[in-house]
Each structure stands twice: as C-alpha cells, then as structure tokens.
C-alpha cells in the first residue's frame, strides 16, 4: 500500500469537513466539521513526517491539536452564550448584522 | 530481558490465550467482588449479607447475573435505539481494554513459553489507560442521552462532567510518577519501584490518585451520577436485563482496572511486599500474580469501605473539591517533585534539597494558616446573621444558647 | 525525483489491511456526519473518525500522537461537544431544507472540484528525497523524540501555545460566565420560605405520592385521612403532562358507601 | 532723486488714526472726530511743507522718494514698497489732504447727531490713507494697493448707513462696478510685467520704446478700463448715482473731489504709455466725450439734488478724461480742471449737504424752492460754485474748462471738430442743468410742505464751504497764471515740443463757450420760471424719460452684461451639473449598483462566507494544479 493513500484519505476527509461547514446549520455540527478538517490536516502532517523521516510533521500536528482544543473551548463558550441570548444554535440565526 | 522484548516474542496463540485469561479473570473478579461487597457492607452494617446460595452465599452474584440476563429487555419508545444499544457495549469494551497494558506477573512460563502476563507493552502505556478511560465515558454519556428521559440525561451529564474533571487530577497525579520513573510504560514503572514504592516516595500523588480514582469510577462517596434520591438510577435508569448487566459489569471492571493501575503505579505492581521478596524466588513467577491480586483486592476493599462509611457529597461541593483543591494541589506538587528530581539528577548538595523541602513546608503552613484565618473570619461574619431572631417559632439551638451564655 | 504515489516505500501487509478496513469506514462516517439529522449522531461519527485517525497515527509510528489524539480529541474535545449538545437543544433535529438558495449545490460542486483537484494534485506530486521512515528518529521512543523536538527547537512555540491555551481557558470562562442575579436557592432558603408562608400546614413538607398498601408510584396521588386524593402529592410536572393516575379506585370502599 | 522721510507719515498718520478709531471702540467716541481731523490737518501740513520744499528745488530734482521696504522679491522680479512724491503727486496730495481736512471739519457738525460718527471718521481717515498711497505709490503695484484701499473705503462709506437695504445695495453696486475696473488694472499690471519685467512707473517709462504698439495698446485699454471703473466713466458709470446713498461729506470728498478722479490720475500718470498707443488714446477721447454728454444729459433730468450733482461730476470727469486723451498738452489741463473741479464741486456738495441739513434731509429739489432767503450763506457759496462750474469768468471753471474746449478744437481735423462740438454742447447742457438746480433750490416759491422754516447751518459747516468757495473763485486764476501748472507738471507729462496749429483763436473759443453757456442758462430760466414745479411733469419727451432712467445705463448693464452673464453662468452650471457631476454621479451610481449587487454576497450567513472561502481555496488549488501541470 502506498503511503500516499493516507494523503488521499486526508484530502477526502478535509473536503467532507468543508462541505459540512457550508451545508449544516447547527453551529455545533459546523464546529465539528471544522474539527474534522483540522484532523484531516493532522493526518497529512503525520504522513509527511513519516515520508520525510523526521518528527517535525508530528510536532506541527501536536500544536494543531492544542490550538484546536483552544478553539473548541472558546468556540463552544461562544455558542453557549449565543444560545443563552437567542435560544438557538443555528448559525443562520446569528446573522445579526443582516437585520 | 525487558517485558517489552519478551512480549515482542509472543506468538499469536500466546497473545490470544493471554487475552482470554485477562477477560476471564476480570469477569470472575467482578462476580466475586459483587458478592464480597455485599458481604462486607453487610458486616459493616451488622447484617449477614447473602449467605444462602452456595457456601457463604458465594454463588449469589452468579445467580443474580443469570436472573438479570433472563429479564425482559426493554427499550423505551423515546430512546435512540442504536445508541441505546451501543452505549453499554462501549462502556464494557473500554473498561476491559485498559487491562491490556497492566503487567499482572513477572516473567512466567506460559505453557512452555517464557513471557509476562501482560497483553502488550507500549511506551505510553499509562496514557493509553487514560485514553481508554476517556472513551469509556462515552458509554455513560450516550446511555444518559439515548434514553430519551430526563433523569438519565442529568445523570449522564453529571457523570461525564465528573469523570472529565477527575481525569485531570488523575493525570496530574501520574505526572509525578512519570517524572520519577522516567517512562510512561507500565512495566518500566513497575521495574522502577523495586526499591521504594511510589506510594511512599510520592505519597501526595498517591493520595490524589486514590481520591480521583474513586471519582473516576462514580463510586461512593462520589456516586452522584446514580444518586438514587435525586436521579433514581442515574444514566442507567432506563436500562434493564443484559444491557444493565453490562453497565454493572463495566462498573466493577472499572474498579478493578483503576485499582490495578494504582497497584502498578504506586504499590510496585506484581512485586512482593517489602521484605517478602523471597516468595517470588521460591514460588516462581506465577506467585507474583497472587501479590498483584492481593494489592488490587486491598484497593477494592477500600472502595467498599468508603461506600460503607461515607455519605454522598453534594454535586457542587464535589466539583469544587476536584477543581479547587485537587488540581491546584497537584500542580504545586508537580512543581515540587520536578524541582527535587532535577536537583537529585544534578547531584545538588543535600543541604539545598533539605532547605528546599523545608521552605516548601513553610509556605504550605503559611498558606493553610491564612486560609484558616479566613475561614474563622467567615464564620464570625456568619454568626451575625445567625443571631438574627427569625420571625417564626424555632426550637432553641443548643450551640447558640451556650454561646450567648458564655458571652 | 521520485514519484510519491509510486515509489514511496510500500508498507507492510497488516497496515494495508488496517488502512483498507478503516479508511472507507472513516470516509463513510464523514459522509454520515453530513447527512444524519441528530447532532449527537454526527458527534459520534466524528469521534469514530478520530479514533480511526488515532489508529492511523499509531500505524504510522506516531504512537504518542495517536494516544494524545484519543485523550484530547475523543476524550476531551468530543466530550465537550457532546456536553454542549446535551446542554443546548439536545432534542432538536436539524431541518434539512436549505434556506439559502443554491448554496448547497454550489457547495457540493465546489467541494467535489476542490477534493478532486487535491487528489489529482497529490497523485502527481513528486518528491526529491529518498524515503527514510521514522525508524531512526523513533529509536529512543516516539515520545522521547517528540519531546526532544518540542523542548529544544520548538520550545518557544510550545510556550506560546501554552499561553494560548491558558488564554483560551480564561476566555471561555469569561464568555460562559453569567452573573447570578440572586444567591442560589438552597435547602436553607427553601426551609425558611416554607415557614414564612401564611399557613404552616405544609411546613413539615408535602405529602408523599402513592396510595399506601395498594399502589406505590409517583403518578398516584396520596389519600388524605378523609380518603380524598391530595393533589399536592404529585409533581407539578406530571400533573401538567397528564401522567396522573386517577386515585379514586384506590379510595376506601366505605367512603364511597357513605356518600 | 532725493529722498524724504516724511512721505510715509502722510499715509501712516491717517492709517494709524483709522486703526485707533476702529479698535478703540466707544472710548474714542468723544475725541475720535477731533483726532481724525487733526490727523488730516497734519497730513495737509506735511504735504504743504513738502510742497514748499519742492518749490525751492530746481525743476529736475523736485521729485522725492522714500523706500519703505522690499515688498516682493522673486528672482528678477523685485517690487519695493516705495513712495514717490513728484509734481503730479503733490497736486493730489494737497487736494486730498486740503479738501479732506475741510470735509473732516464739516463732518464734525454734519455727523454730530450720528451715533456712529467715530466709525465714520475712521473710514474717512482710512480713505485718506488709501488715496494718498494711491497717488504716492511709485509703481503700479503700490498704486494698486491704494486703488483697492479707496475702493474699500468707498464701499464702507457708501454703505455707512447700511441699516437701509437700498444703501447697502448701492455700496455693493459701487464695489462690484469697481471690481470690473480693478480687473482691468490688474490685467494691465500683468501685461506690463510680462512686457517690461517691471511695474514701477520709472522702469516702464524707461523701457516704453522697446514695447510693441499692440502691447502698449493692450495696457492702455486695460488702464482705461480701470479708470472707467474708478472714475465712473462710460460704460461703468452707473454706480456713481447710487453712491450718493453715502453721507454728503463722503459724496463731496470721495465721489466728487478725489477718488473718482483717480482714473484721471492713472491716465495722466501713465502718459508715457498712452502717448505711444494712439488707439488707446482715441478710446480715451471717445469715452471721455460720451461720458461728458451722458452725465450732462442725466443731470438735466434728476430731481434729487445729490444725484444731479453726481451726474455733473460724471460729466466733468468726462471733460478731464477727454483732456487726458488729447495728449501731452491735455494732461495739464485735465489736472487743472481736476483741481478746480475739486474745489467747486466739493463746495457745491457741501452746500447741498447744508441745504439738506436745513431741510431735514430732504433731497428732492422739487420740494425746495426759495431757500436762498433762509440760507443766504449757503446760497452764496453754492452760487459761487455754480458760476465756477458753468465757466463764467473769472471763476475757476472758466480757466480750466475753456482750455479743454480749446484744446479739443485744436486736436485737428474732424476729430477736433467733433470733440470741440461735444465739449461745447456739454458746456451748454451743464449751464442748463446747473441753472435748473440753482433755480429749483434757491429761487421760486417755497414748496416744502411743512411749517418748519429752513435754517442756516452752523459755522463749523459754513467755514469749510466758504474756504472751498474761495478756492473755486481763485484757483483757476492762480493755476493758469503764466501757465503755472503746465510748467509745473512738465517734468512729469513731457509736453509735446512742437506746437499745434490753432484751429480757432482762444478768444473765439471763449466767446463761443460763453454764448452756449448763456443759451443754456436762458433755456433753464425760461423753463423753470413758473410755479408748477412741485411735481415732475409726466408728459415729457423721450429723451427726458431716458435721462430720468439714467439713459438706460442700468438696463444696458442688465441686458448686456447681467443677462448674458447669467445665461453663460447658467449654461456653465448646467454643463457642470450634467457633464461633470454626471460623470461623478455615474461613478457613484456604478459603485452603488455594484455595491447593491455585491451586497447579496454579504448576507450575514456565516455559511455563505465559508462557501466563498471554499471557492477561493478551489481557485488556489486550481492555480497550483495548472502551474504544476
């Protein structure tokens, strides 16, 4: 099996995540799709690390995980705050500047 | 030859047999521990406990299990069927998986093959256990959610919050062990304790771990997830029959698992008690299994003991204790441990080490005295409101009366 | 120049089996994320993908990352997601009628184009170095190697990220914090409130539900000494839902005869 | 050239005084007019001392100069703020300060009831300063400053009673008409600078032979335009009548004696240009000829005494302009007439003011009649002025006007004949309307409709009038005695050396003049002998009607300048609005439309933004794909 298969998988998962961000309206699902994209990128990094024979790809993946964790913490806090004021977690309902 | 190398040489059938052995041991222990718990608690409450089925009622748990399996399997209409079924499976699977990295014995002759009773030995074994534990939470959360009912949902949320919170404290308590052992592999940690148990050297870590493992397993006094008075049965309220049995099983396996981890990390694992090392030499590798189980069962007894003696904590007190006491204390302790570790590695003069310990102790005393003073102040402030005369008839409160008399 | 797709060292059998088993599953799980109605199902599918990825990491000599993936993502992040999901609108299933006209079609077309281009791009990517693998750098253990990288070359980034993490934690606390307008209503307050009511009839607590000796359930009202049902013995919620069982059939026969 | 440190004081004193009066506010109310008068008198004294000093010097070095500071220094272009006092300037200095002082004195009494007398005196002093700067400047640029200064002072003084909208409008009108002339002056300065690289009189005079006649003609025409504006000559004459809105002393000083003669001064000062530009000189003649008749005809129809005098002023200045157009010999006569006119016209204006003072500010002559009995001194002085203006010997007008008529005839050929006839005709009409004024005002029945009898003015007003009357009696004789002024001015105006053939002997011209004057008087006497004078007759000739409407000068301005100008501006505005603004609006509307189209992308939905990001990423990947293909 070619190592590039991991990259293909990564690309496909990333695309799926991107579609999810656009077509889903539930803010939490949108967030999860972003996480999926980050994970797909991480898979690519780990694979690159293996291809290159050094650990730098893994280091980047490690940092990505930490940053993703931060993002989730803050993002979910924002979602909770929005939910508190609007009783909804649909991202469309948060188009405040529109009307 | 290290454990990792020994395991690396295992042929497929040895691995399969070992897995089977561990599984069987876990199930057997669960059944026996249910009986043991009931007997011990009964003794503590001056009752007899189950004593009808089999000698001393030994078969009681077994027949209970059979009865449970034969009961009607209900799935509520509001439930999310797939997840409702999936939840107990996740829960059970996860708790068994934790045993894969626990070394049960030293080197033994396994049907003519030299190996150790440990399924696999990975360099980040302890982390693996933590990871599996965190997957196990899914069982609880999903069970609570999928039941489509309020009590289970609340119970599930409570237990997941609890498990996540105490996992942090648990992980922090393990850091000290990692620092001293210089490894995250279970077998190497056991090997590093051949002189001193970490329960001795890292006593605070041991205490933190012991507390947080009780929290992690949702056991009394931290069994808020299934607080009968508040939430009926917690996350498994809607479960019945075999699915309930699985949760039951997973709870006890979990207890055994965290006890086994505690044994491995703090009590020297399968090694004999200090001064009894000769048993290992005389009786062979398999006897270490006995030592291991003795220690694990000792922990189990503590679990039962706690359940028998302590009332349940209130939820907010419990979370406060986890986040505001255990975690900060763990962090401070890790700082101290790592400083000491670096000092000893750099061969610092003993005077400096002693001075450091002494100053830490002084700081600790200062902080606690400040906290105490604050508590006293709060109490004084509270007294004022207490002395207010309520506008409805109340019986005399002995304390306040005596205080009034004494001035 | 070595063609990446063709000349990268072929991996051993077990990994190929693992990959061909888990990769399609994770892709299906990903697609499932997009089409399932309940957000919890999406979360579970994502958790499954993350576990799969963790396994891939381990298969690719990134043991530490694999375990951390499970601990951080599956354990903490996804659990957080589930938690929030259950706190906010756990029962709401998403509607799938698209409100923004043409968005879905464009999105899927663009994404297919994007994915297709990316895949073909990877397919013809070339690599001008021989593949070394991770065996040498992992010789001292993957965690050790990673630690060495993190605490030497990337120590500054590591510190920055840790600062970010603390900031995020504080930020989340600030965001999610809601100022309480009154102190929590504890048992003590409830007790005082009971006694301060006009009549002290209920000061000792409400009667328990259930008709003793004949029936024992929360949905049956208690009988007063006169034999009549006590409506206060039923939870207001059950009453509102209409889940209350008529207690008349449990009333004493002689009461009815007297009437 | 000699220098004199005194010149600057001529300007500085009234300027400082003006500033003090304006800045001191009410505190100066009690002493402001006294100070202003003293300052004016001091300026006259300085001027007189300079005059004496000048007389004591030889002809060629009579002129004195004073450099104040270097005003502009840009590369080769240098303008100094320098003053030049020569034989021409000293005439004006004496006239301005002398008449000015008298009018200051007169004003003390005339304005005594006005609450704003202090401001009035401040303006008067400002005017004196500006006018002195005008005549003392040694270059066109310095002159220009004074030129604008007197314009400002004139504006302020005409509109002194600006609480009346009509007066404010009159001030505005004067200012605007002056602006037209000012544009001419500034253009002349620019052309001169382009031509000679210098704007000083001396410098231009030196280089004048190097310039082409076209350039000189252009400069000359532009200077003529400037003179027309300031001196109320055709076609910019219309403001002068309205300028009578100002207090009477102002009319006397500015709009009769001094400022309006600035055009004459300008042309005389620029003699070296006009002498080399025959076309411009011819235009000067034409303008002067038209204006002298124009003003005279208007004067015949005016019932407002001040406006009749103003028309007369216009006509008399027409004489002067005409004289300046006659070449070197005419300059001296122009200046002479200017000086004599300054005396008698100021005297008459002040007399008119005196009459108004006695008649409760009534200006309509048809409401007068028989005032001579009540105001004998005023009537006497006015009569002296009357005799002077119509040119009865030996009064001042006779000497100066006669010379102009004579010189006009001597211009030779058809031109001389036409000019001579025009000046004669002017003299006749002058005699007619002045007689009319005198009869309507001082003789005949009493037509004012109220009991209060007119009373003679206070001495403070009569003394200046008397002094001016003396001037109007004697000045002509003094100035022309032995051709004194002509010789005096020779160094400045370079009289032609060759002698013209005389068209007619001087005595014949004088007789002809006296004859037409007598005819004019007789017509007037016969026409205004009756009693039916209280109302202006309605069934009058077309010419009279036209004259009453100022010969349609305002209508002409409106139809020739205002309406085409408005149309032009409106069209330009339309072009601006449709083309330029249209372009701007088009840009705006294109942006707006594009914005409103693009706005649909900004729909507030996060998901659509995410979609755009994906499309962007797609484009990026596609680019990489293509590049690496």
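Per-chain numbering from 1; labels A, B, C and D assigned in written order.
Basically, contacts are C-beta pairs under 8 Å (C-beta built on N, C-alpha and C of every residue); 3 or more make two chains touch, one makes a residue touch a chain.
Note that the structure is predicted; figures quoted are calculated from it, not measured.
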| item | value |
| --- | --- |
| Central chain (by mean CA position) | A |
| Chains most often in contact, by C-beta pairs | A-C |
| Between chain A and chain D, centroid-to-centroid distance (C-alpha), Å | 88 |
| For chain B paired with chain D, centre-to-centre distance based on mean C-alpha positions, whole Å | 114 |
| Where chain C and chain D are represented by their mean Cα positions, the distance between them in whole Å | 97 |
| Separation of chain A from chain C, taking each centre as the mean of its C-alpha atoms, in whole Å | 15 |
| Shared interface positions of chain A, touching two or more other chains | 18, 22-25, 92 |
| For chain D, residues contacting two or more additional chains | 603, 605, 607-608, 611, 614, 617 |
| Where chain B touches two or more other chains, by residue | none |
| Chain pairs in mutual contact under the definition given at the outset | A-C, A-D, B-C, C-D |
| Residue ranges of chain D in contact with chain A within the complex | 603-608, 610-611, 614, 617 |
| Chain D-facing residues of chain C, complex | 100, 103, 106-107, 110-111, 113-114, 117-118, 120-121, 124 |
| Chain C-touching residues of chain B, taken from the complex the two chains share | 80, 83, 122-124, 127-128, 130-135, 137-138, 141-142, 144-145, 153, 156-157, 160-161, 164, 167, 184, 390-392 |
| Chain A residues touching chain D - in the complex, by the definition given at the top | 18, 21-25, 30, 91-92, 94-99 |
| Contact set on chain C toward chain B in their complex | 38, 40-41, 44, 47, 51, 63-64, 67-68, 70-71, 74-76, 79, 82-83, 86-87, 90, 141-143, 192, 195-196, 200 |
